[in-house]
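You will see two complexes here that share subunit A, one where it goes with subunit B and one where it goes with subunit C.
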Partner chain A sequence: MYGDHAFKLVQHAKRTQALVHLPHYQTELVRETTREVRDLDKDVSNILAPFEGSFNPSSEPATACSVLVNHLCMRRNKRCLLAYHRVRSDKLEEMCWSGKDILDQEQQAGRQGNGEGSGMASEAGNQSSLSPEEEEYIRQYGDMLAAYKGQWTDIDLTGSLEPPRDLFIDVRVLKDAGEIQTEYGAITLTKNSQFFVRQGDVERLIAQGYLQKLS
Partner chain B sequence: MDIDDILAEVDSHAVPPATRDLQELTRAWVTERSAPEILPWPDMLMERILERLRRQIELVEEQTGNTDPKANFRLIIIQTELERFKFLVRSFLRARIAKIDAHALHHLTDPSTKARLSPSELQYATAHTSLLHAHYHSSFLSQFPTSLQRMDDTAGGISMVEGPDVDKAVFVRALKDVEEPVYVEGTDTAFDMRRGDVVVVRWSAVREVVMAGDAELI
Partner chain C sequence: MGSYYDIDAILTDAQKVPCTFDLDIPGLGYLDENAGGDIKAGTRVSLPLWLSTLLAVQRLGPSSQQLCTLDLPASISPRVLAALKAGPKTVDLRQLASHYYELAARVLELFEEEEIVDVLGETFKERAAEIADHAHNPRGALGEAQDFLRGLDEMERQLFRSAHGSSNAMREWMGETKKKR
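The block that comes next holds the complex of A and B.
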């Protein structure tokens, strides 16, 4: 059926919106959908070929109808593909803003998968959930974001979007994070210790999961 | 738009310029967050605020070595204030970026909305759209028939470029009596806005009033 692959893609996109992580890129579906578009385009030109450019829709309503359906299907497929990629790139951008290093994580996940799935085909094990194009995109987006952020160094654009209540907060250290420099001297963050520090100094570490904010 | 006149009417007693800037920033922030479309970049206001932020950061850095408890206490207050200001500016910028990203092509093609972006936002939007296009292109568009590769098709009478929904409902408070009654387009509803009135209405109906500074979004 026309549009089946595209519909599956949209369903994937819909599901992606509700997920925390990014599911695997549907390379196969994307390829099928683009192939369908190409086939439809070929069909259209085949149908129109005998008319040699002098096609009159009102004299041949049946042909006009099939051409129209083909056209609509192509456009629909395009929209679905765009929507699918947009949802994924939005998700990636969101991760970029929250300061996660996606490419690094992906590689780690790939390595882990490789180790565990040694019995399975190694190809499936180290497959990243991003397509190569997406990796390239996110690399460039990260650079661009850094450039834009650079103009607002005083503000720290990627900082917390919660209104600040207190200047100082209690934090607990979840993972060893080494020594950090603050205005009040250096603090060594060792696991399970607790500190009363300036929120601005440790925001990054909270976002990265090294520290936990205690309320 | 002469904001000073309006503010003078809103608050009859004189306000120091610093407080007024804060008020303006807060208002700009609230409006930006609730309005469906992007609003003009408050050039002068942002410049003043950034300048003050920079001065305060310098002050904090200078005073850090001071061990006098009194100075220390003052420093904490300044820093708290600084954090709040930073939050306002950050949230304001992020709200704008979110809108730009949602309708990037619309913002770049429509001259009136394009003029509302700040130079750096414009740069960001342009770079982001071209990145996205390159991404789409390498992912699947390049294998499409040429006639379908464009991103701004208008075939079938429907443009591919989507704009924000200007008919979204917003809450508006009138800051002063609006002389002309407000008409809601497409309906025969018209109403007067007196100072202090709060109404829920389509954004497109009150856009002019809000932009003129006669009303604020809440």
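The block that comes next holds the complex of A and C.
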């Protein structure tokens, strides 16, 4: 039945709305749906070909019905495709505004996938859950956001909305992040070490997922 | 009913309703599991809402020929309505249709059925009170509560989630749950 692939896409979109991270891009389903639309369009052209532009729906209700059904299926597929992509891009934008470095996370996921699969061809190690178009979109969106934020240097628009309770906080390092400079000297961040640092210095790293705040 | 991009509206439209064709339509046999063939007049098929509502309102030709007639889905049959009148909180709406109220709203747009509208309105009011009760007073793993919550349709489920979330957020804001961030 036409519209089944599109329905699966919408179910994926519904699931995505409930999740925190973004699941994999359903390239196969999207391709199937667009293929269906193309086939339906071909069917409509075939049905209308004998009439050569002078089709009168009132005189041929049965043919008009077939054309209408095909047209409705095409519209339905289009709506489902658009909604699926809309949900994903909304989620990506939300992640951008919360300060997460998405491209960096995707690259790290890709590197991990490559490392575990020794001997695998490099192209098979693409573990990113975004399609190439989405990656391009997020890159340009990030640039635009940075340009927007740059207009106000004394306020961070993508920062936390919660006022800090203490000046200094305990943090644990989740991933190796090299050396950072603080007012009190340089700190080397190695995995699973704990530090007592100024909140303002490490806020950015917490948002990006390198550090974890301890309560 | 909902915006173009609204996922719940799209899922509502995907629900099926029975439809009877009034004409012979060539090439649409696949709707009746008869790929490549025709549909004969008088065939009853289960079509999704997005197809059936638009087909049902078509009037073609000088004789105002109708393409197909829409029937009320089984989920708002008299049997179900009687059950809802008797005990709205015990009926498992999710089993009848995942987006029950939206489905009924879409179908009732095309029919004049005041009674169904009244019954559904009453049902919603009673169930909403029950949902609010469950949301604000967590009763743990009691059997009855679990059954009721499992039988909620999608809209009621979202209602429950927001009621539960808002009461928790309120308590946290008032400082009763001291969460040291």
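Here, the second predicted complex is superposed on the first by the 157 of 215 C-alpha atoms of A that agree within 3 Å, B and C clash if a C-alpha of one lies under 4 Å from a C-alpha of the other, contacts with A are read in each partner's own complex, and residues count from 1 in each chain.
Here is the rule we go by: a contact is a pair of C-beta atoms (placed from the backbone, for glycine too) under 8 Å apart; a residue touches a chain by one contact, two chains touch by 3 or more.
As the structure is a prediction and not an experimental result, all values here were calculated from the model.
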Which superposed partner A:Glu32 touches (first subunit B, second subunit C, both, neither): neither
Which superposed partner A:Tyr141 touches (first subunit B, second subunit C, both, neither): first
Partner chain in contact with A:Met74 - subunit B first, subunit C second, else both or neither: first
Partner chain(s) touched by A:Leu82 [first = subunit B, second = subunit C, both, neither]: both
Subunit B versus subunit C as contact partner of A:Ser131, first or second or both or neither: first
Touched partner set for A:Leu157, first subunit B, second subunit C, both or neither: first
Which partner, subunit B or subunit C, touches more subunit A residues: B
Subunit B/subunit C common contact set on subunit A: 82, 86
Complex interface listing, subunit A residues touching subunit C: 1, 3, 7, 10-11, 13-14, 17, 47, 57-59, 61-66, 68-69, 72-73, 76, 79-80, 82-83, 86-87, 162, 165, 213, 215
Of all residues in subunit B, those that touch subunit A in their complex: 50, 53-54, 57, 64, 76, 79-80, 83-84, 86-87, 89-91, 93-94, 101, 120, 123-124, 127-128, 131-132, 134-136, 138-140, 143-145, 148, 153, 155-156
Contact set on subunit C toward subunit A in their complex: 4-8, 10-11, 13-14, 23-28, 30-31, 48, 50-51, 54-55, 58, 60-62, 65, 67, 179-181
Subunit B partner contacts - residues on subunit A that touch it in the complex: 30, 33-34, 37-38, 41, 74-75, 78, 81-82, 85-86, 89-90, 93, 131, 133-134, 136-137, 140-141, 144, 148, 151-152, 154-157, 159-161, 163-164, 166-167, 183, 198-200
